[in-house]
C-alpha cells in the first residue's frame, strides 16, 4: 500500500505561512505550528472548508521541549503518514532602533526565532524527511523563509540581520549535508513588504498596484521548489515585487 | 480581439535551449534561434509533431546585423503576435587552459556569445516585451542562462567566467531597469553538468542517478519564472543536482 | 594637552588576538580580554618586556555583567585615556559533527561567542570610540575577526557558520551606522589555518612553507585597517595563505 | 648581486593610477602606461623631482600589438631588472544611458578597457612576476582596480558593469591559478567618487569633508596589499569614504 504523505508549516499566520499551508493542503494534509492557536485557527478552518485536511499544534519552535512535544503530537495524529515537506517560516522581530538603544534581548529574540528555532525544527523534521526519500511523490523538502536582511546588515538592522544571516547559514549547511541524501533544502529571500491585512494601510513602493508581495505568489514558488526534480534543485531564490528597488 | 503571444529561444540545441523551447511551445508558438539550422531543426520538428508551432531562424546573436535580420524575419512571420517570453541561452566555450596558454580570441569569443549577444538580443526583445505588458497572460519575461562561472572565477576559467560574469551584470541591470516597467528579467545559475546526448558518456558526480541536470527540469523552472506574479518576481536562482558539491 | 589613546583586544591567546595586541602595543597601551588569565598573561608579559603597556581583564564577552565590569575596570585603570581601537577576536567552537549529532547547546555556544559577545562588546566600545573621533591619531576602529564560515555554510558547519554569519551581519550593520559618524568598522575573513603552537603538528596545505597564516601577518593587516584614511575605509577583506584553495 | 626590481602601473592619470605610481616609486623604479603621454607626463616629472625613477610608455592595453610593444620597450629600458608589482588601473567609460539608448560600441568599449586590456596586460606581466617569486622583496603582485559596478549591475550601468564584472572574474581566476605559484593577485572595489581635479566641483556625499576618496589613500592600501606576507594574502577588499552609503 502506498504511503500517505503530509506537510508541516511552522510559523503560520495571515501571511506567508498561511498561504503556504493552503497551497500545500491542495496536495497533502498539513500540520500548522504557531505559538498561539489564534494564529493558525483561521487557516485550519479555511483549509477544512476547502476540503483539505489540517490541524494546528501550539509550538514555540525556539523551545526544545515544545518542539519535541509537537512532533510527538504529530506522530500520534498521523501515525501512518510520512513527511513530504517541512516549511520553516518563523522569524520575527526587528528592532529598527539605533544600535546603542537596542538591548541584548532584542538580539537574543531574533536568534531564538530565526536560528535556534530552525535548528530545533530541522533536527526533528530531517529524520522524517530522510525516511520519505524513496517514496515521496516529490523530493522531500525543507524550505526556509529568509528576508532582505539575510544578505545585508543594514543600518538599524543588526539584531534582525544577525538572526536572518544565521538562519541562512544553517540552511546552506543543511542543503550541502542532506541534498546528497535526497532531501531538498531551499532558502527564499523575501525582499519586500508582504500584502497582509496588518500592513494594509502601509504605503509601500508608492502604493503601486501589486507593490506588496502576494503571499499566494510566494506559496506558488515554494510549491515549485518542492516539485523540482532532484537533478535540478534550487538552493536559493529571491522574491520581490516588480517595482521594488534592490 | 485578444492578441496572440509567442516566445523566442536563442541558443537552441539538444540541451537546455531545446527543452525550454518545447516547454514554452505548450503555451506559445516558439521561434528558435541558433547559428546553424542543424541545431534547431530537430526541436522544431518535435514541437510540430506534438501539435505546437515553431520555426527556426539562423542567427549569430553576437552579430548586430544578424540579430536585426532575425527580428525582421520574426516580425514578418508573426505580424500580429506579441512577445511573451524571450530566453537567452547562448554562451559556450570554455578554454580550460592554463591562463598563459589562452589566446585573447578565447576571451573575445566568450564575451561575444555571453555578453555581446545578450546585449544585442535584449535590445531587440525588450521593446517587444514592453509592448506586451498590458495583455500578456503572464508578465513578459527575459530569462537568461548562467553557470557556476557566473559567480566564481575558478582556475583555468578566466575566459569563460569573464563572459558569464558580464552576462550576469547585464541581466541584473536590465532587471532593475525593466522590472518596474513590468518586464520580468531573471537569471538562472546552472551549476552542474547537463544530461545531453553529447555528454552521455561523461561520468559526473560518480555516475549517481540523476547526477546530471535534466534539461526538462531546467525548462520547468524557466516556465515557473515566466508565470510568477509580478508582485513576486525571482531575479536569480540556482539549479544543481542533489549530489553536486557546491 | 593631547589625549592619551589605548586599544582593547577581546579574545587573546596564542594566535590572532595575541599578535594583534602586540602589534597595537607598538602604538598604544593595550587592554587584553579573555575568559581566563592564562590566555593573556604571556602576551601581557611579552608586551611589557618589549617596553609596551598592557594589562588583562578576565571577561566573558557573552555575559552582560562581565562585559560591563570589564569596561568599568578599564575606566578605572585608564581614567584619562580614550579608546582608539577595539578588536573583537572572540568566537570559537566548531562542532564538525553531522547535523543530527549536534546539540542545540553547540549552536547556542557559537551564537554566544560570535554574535552575542560582539553585540555586548560593541555596545560598550562604540560610545568610547565615538568620543575619540575628533582627536584620535587614526580613525577610531572596531575590527572584527571572521572566518571562511562567515560566507559559507559548509557541511557539518551549521553551528559554527550560524555564529559567524551573525557576527558578520552585526559588523556590517555597525559599519553602516557608525561609519558616517567617523568610526571605522571592519570585518576580516580569515580563510585558512593559523600558525599557532596548538596546531603545530596539523598538516595544512600539504605542509607547504607558509601554508598556515602567520598571526603577525594578520596583525599587520589589522593595523593597516586602523590607519586607513577616513576617505578610504575598507569594510571587509579576506586573508588566506597563497596556497589555500578557495 | 641582488636583482633590481621595478613596478608597472597601467592606467595612469591624475587619480588612482598616478597616486599608485608615486607610492610605488618610493620603493621601485616605475613604468607608467597610458594611451596618451599627457596622461603620464606630469606624474613622471613629479616622481623624478622627488628623486624617484619613472618613465612612461604610450600603450593601448586593449590592443595586443601595443601591449607587446610596451613590454619590449620595458625590457630594453630595464634589461637587468625584475618585475615586483603590476597594477592594472585601466577601465573607463560609463554610459549612464537607458539601456535602449546604448549602442553595442558602449559595451565593447567597456569590455576592451576593463577585461580585454587586463587579459593582455596580465599575459605579459605574469611571466615576469613568476620570475621574481624567489627574490622579490615582497611577494610579486598583480593588483587590479574595480568599482562598485564590479559587484552590482545597477540601472543604466549594464555596459559599465559588464566590463567590471568580467575584470573581477579574470582577477579571481588568476588569483586561484597564480597564488599557489607565489604571485599575489588582488582586486580592489573602489566604491565612491575619487578626489581628482576633474571632479573638483562635483558634490558627492553632500560635500562632506573627505567625502571623496583620496587617491593617495588608495595607493597606501595597494602598497599594503603588495607587502602582505604570502601566508596572509588579501584577494579582495573594498574602499569607500566613511560617509558613503552602501
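Letters A, B, C and D mark the chains in the order given here, with residues in each chain numbered from 1 onward.
The working rule: a residue touches a chain if its C-beta (ideal position, glycine included) is under 8 Å from a C-beta of that chain, and two chains touch if they have at least 3 such contacts.
Everything quoted here is computed from the prediction, not taken from an experiment.
Chemist: Determine the set of chains touching chain A that also touch chain C.
Modeler: Both-contact set = empty.
Chemist: Based on mean C-alpha positions, I'd like to know which chain lies farthest from chain C.
Modeler: B
Chemist: How many angstrom between the C-alpha centroids of chain C and chain B?
Modeler: Those two chain centres are 46 Å apart.
Chemist: Taking each chain's centre as the mean position of its Cα atoms, how many Å separate chain A from chain B?
Modeler: 31
Chemist: Report, in whole Å, the distance between the mean C-alpha point of chain B and the mean C-alpha point of chain D.
Modeler: Roughly 34 Å separates the two chain centres.
Chemist: Among all residues of chain A, which ones touch two or more of the remaining chains?
Modeler: Answer for chain A, listing residues that touch two or more other chains: 176.
Chemist: Connecting every touching chain pair, does the picture come out as line, ring, star, complete or other?
Modeler: ring
Chemist: Among all the chains shown, which pairs meet the touch rule set out at the top?
Modeler: Taking the chains two at a time, the touching pairs are A-B, A-C, B-D, C-D.
Chemist: Could you please specify the touching residues of chain C with respect to chain A in the complex?
Modeler: 64, 98-100, 102, 104, 107-108, 111, 115-116, 119-120, 122-123, 126-127, 149, 152-159, 161-178
Chemist: Of all residues in chain C, which touch chain D in the complex?
Modeler: 139, 176, 179-180, 182, 184, 192, 195, 210-214, 216-218, 220-221, 224, 227-246
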